[in-house]
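Structure first, commentary second.
By letter and in written order, the chains are A, B, C and D; residue numbering begins at 1 in each of them.
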Amino acid sequence: MRDAVVSCALLAAVTSFSYPCQAQNPGSSDADEARIEDVITASHILTNEGILDSFGHVSARSAKNPDHFFMPRAMPPALVSRADIVEVGLDCKPVDPNAPRLNGERYIHCEVYKARSDVQSVIHTHDLAVIPFGLTGISLKPVLAQAGFLPPEVPLFEVREANASEPENKRGMLVLNAILGDALAKKLGTGPVVLMRGHGETVVGRSVREATVRTLYTHIDAQAQSAALALSPKITTLNDAELATNAAENFDADRPWQNYKQRLPAGR
Amino acid sequence: MRDAVVSCALLAAVTSFSYPCQAQNPGSSDADEARIEDVITASHILTNEGILDSFGHVSARSAKNPDHFFMPRAMPPALVSRADIVEVGLDCKPVDPNAPRLNGERYIHCEVYKARSDVQSVIHTHDLAVIPFGLTGISLKPVLAQAGFLPPEVPLFEVREANASEPENKRGMLVLNAILGDALAKKLGTGPVVLMRGHGETVVGRSVREATVRTLYTHIDAQAQSAALALSPKITTLNDAELATNAAENFDADRPWQNYKQRLPAGR
Amino acid sequence: MRDAVVSCALLAAVTSFSYPCQAQNPGSSDADEARIEDVITASHILTNEGILDSFGHVSARSAKNPDHFFMPRAMPPALVSRADIVEVGLDCKPVDPNAPRLNGERYIHCEVYKARSDVQSVIHTHDLAVIPFGLTGISLKPVLAQAGFLPPEVPLFEVREANASEPENKRGMLVLNAILGDALAKKLGTGPVVLMRGHGETVVGRSVREATVRTLYTHIDAQAQSAALALSPKITTLNDAELATNAAENFDADRPWQNYKQRLPAGR
Amino acid sequence: MRDAVVSCALLAAVTSFSYPCQAQNPGSSDADEARIEDVITASHILTNEGILDSFGHVSARSAKNPDHFFMPRAMPPALVSRADIVEVGLDCKPVDPNAPRLNGERYIHCEVYKARSDVQSVIHTHDLAVIPFGLTGISLKPVLAQAGFLPPEVPLFEVREANASEPENKRGMLVLNAILGDALAKKLGTGPVVLMRGHGETVVGRSVREATVRTLYTHIDAQAQSAALALSPKITTLNDAELATNAAENFDADRPWQNYKQRLPAGR
């Protein structure tokens, strides 16, 4: 993780763009408190922008203990505050056995953190802007300069395939166990986003802020692609050179974070 | 009704999900006051989310006298308060002959309560998200994990058929008498929702909160299906296994109720 | 005009629905002050609902002098207050020669009041919900129970036809003189609404409240029809029996007026 | 520039419409302060209307020194205040070498000011209403009376063409140097707006207010055209006579400026 911080600062120096290099001391409790504060702010920002609804959740890996992560108890993200944050192990059990009830879908987080050591934050949403892509099988693609972080086609998780090995009496759509969480993590692969048919998406980042801004621009990109497809089936998407260049040059995560944070109603 | 409460608590214990099992003493006045309070809150929530407009109404069956129900007088749902609630018999007449003017469409409520002893709450809306389905005859279907309570195709009430037996001088679209109310209840059948062509929908539940949350997720499901159909005519809907599993597992009505309630402007 | 008031009260008594029968003393200054107050409130309501923009205007015929009407000076409708109301003659000149600058399109109002003695209020908007119908030539039709006041097809004013007799150097789209205003009034005919290609609409009523509520439900009907046409080209519109019955039974203008008024931000 | 001011006042006198003829003393510091104040207000207005996001920028040419212009430092436009305004030369370097970090895309502004001596203000947005036109290659056209300032087809900047002469390792979509800025200015030509594929638009005006109002009505026109195309591929656009007449007659920039300014939340 120290490596990631260094390369991030280096990249920022070279390109004169700012990157989400959190100036935190990895491994300290203070770093964890800063991450928890960002989890809370991200929950409020994504609710305020209509991306998180009554459900959905934001988590951050612990800087002090990378086998733990922090996520809110089962509750609407709009209402999350410090007292609602639970420390969870990668076995998906709360560190404190007396912790309040957790989200049934915490397996999304456990399995992604297990599979991806680079990931410091996981966000699960029911974003209505991306759901039509999963329902139709039409690929979500990067069409905007700010979506250069996306792969040429965002992968789609079909829970029915993962459920094929499940017992007959349990074939729902939620990711309620490690088998389904692992299947989702495999579909995510090394990318930033995986769509979930009839359900939403899971987004990851090297920091809470990066995961949040990726969630916001996945939302905006999906809106732009849908609106363009309503006009014509033939649209121009980012080509390889644009993807490579824009992923590096366009992502000043601090500016959207600052902007969307100031949009929060007073008192949040 | 006592049976319903028991099985609801049992279900919650078994599945570790919470259900809309109102901890009310059936048959008491306190239970009725709690239901009335929920009718008022539901009126405000559904207005705040743009689902109820100047018209539309929420009602609750009386816990003390199941042959009565409570609904607001004829007025915009945004403005409903305790003083506006009228107790109405299943004959669709107010219990108090001096009650204020009632909604002309109260027959929706009377006839559904008569036909469905399991129903504790009825909601009628002009939701613009569902109306396009009725206008085109395209079936509204469950496409989201949270819409597992819907049947594979939501039934559509065509008032013209019900009006065939009406006198020539009265062939409007409103449900202004018991004949039309009964025809609507028959089309609803044993389900949670019936669409009404050119008009809106009627939603029922085992509690005001359940009916409210079903109204909210019918709205969201309709938005998702419309947006998907704008991209492609071929969409994936919930299959039987998903419907069966998700109806049970995905409905924590308390969380959306809590979430949409906190979204109300201060003072409501 | 006294006749209109009587028949309106009679209709309300017979049907048990309330009608926009303003309890005003026709011919008095007080009646005019009440109409002016409604012009101001309607300007704020229609702005608040996104139907009036920086332009657009609401007017009311004078009860005291039916050859005069009241409309705001040239200004954004959101900001209109009592001091901005100008009394205008049917010759489209302000009664007070020192009146502030008037809207260039006041000819819409003059010519409609001249042509339609039943009309007590005229509203001109740039409503984006109706504009697509004018741009494509697809007819706006009543599809909702609350739109029973609309004719089977809302007429469309094509300014190019009216401009055919204009001098070469003046062929714009605005209704800036009596010739164009008269052509618009002819297209309106005896109906409640006329669309204007690439521009908006003009709506009339027997009171400011009725014209306002018609403007609101024309907007909602247009939204519903557009959304339905996005799903399928084949939609069900109100038939003759429904139009006849719903025009009478569904129009309680007071309830939407009350509802949309309470939605205004505090201080309006 | 004195010429422009005179002809503008003359035009207003002749037509009885008001024009964006800023009553400023060209060449004075006071004129520059007035322009800077308008840059700040325009940044807030366009954010409040959802046209500017976390990025995007408004600038004004200096009245005192036409080889300089004023734009905010790199920051979200919602938060811009007087202290954030930087004076920049047409070489795209800040006049004060200690100025805060500037937007990477300031080359849009430098090159347009160089190419167009009539332009006093430049606005760059990521407006989602115009982006679908760039993604599909469908031409944005004037369809509304208020869009008479647009050409029959708004030009589209394809950054790939401009990038053809760029070194292999830098083929992104942002306008980060003078070569790309110059190519964009050439595509803009003598017009008011140029679209940018997958990115947004650049709008210019003879004043900040005119550029702002043009940005607002380009947005509204794009919404109307998109909604019409969703109903039918065949739409009516403004013809030459309408464009010529409406460009002159419909543009009272003061009224929309005043209207959109009063919509800002209190404290802005």
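To be clear about the criterion, contacts are C-beta pairs under 8 Å (C-beta built on N, C-alpha and C of every residue); 3 or more make two chains touch, one makes a residue touch a chain.
If you're wondering where the values come from, they're calculated on a predicted model, not measured in any experiment.
Peer 1: Rounded to the nearest 5 degrees, what angle rotates subunit C onto subunit D on CA?
Peer 2: 90
Peer 1: Over half shared or under half: which fits the residue numbers at the contact of copies subunit A and subunit D, same or different?
Peer 2: Homomeric contact, different residues on each side for the most part.
Peer 1: Rounded to the nearest whole Å, what is the centre-to-centre distance of subunit A and subunit D, using the mean of the C-alpha atoms as each centre?
Peer 2: 34
Peer 1: Taking each chain's centre as the mean position of its Cα atoms, how many Å separate subunit B from subunit D?
Peer 2: Roughly 49 Å, centre to centre.
Peer 1: Listing for subunit B: what residues touch at least two other chains?
Peer 2: As it turns out, subunit B has residues touching two or more other chains at 230.
Peer 1: How are the chains arranged in terms of who touches whom: line, ring, star, complete or other?
Peer 2: ring
Peer 1: Sort out for me which residues of subunit B touch subunit A in the complex.
Peer 2: 16-17, 143-146, 148, 220, 223-225, 227-228, 230-232, 234-236, 238-239, 241-242, 244-246, 249-250, 252, 255-256, 258-260, 262-263
Peer 1: Note which residues of subunit C are touching subunit D in the complex, please.
Peer 2: 53-55, 74-76, 78-79, 101, 104, 126, 128, 131-138, 160, 163, 170-174, 176, 197-199, 226, 229-230
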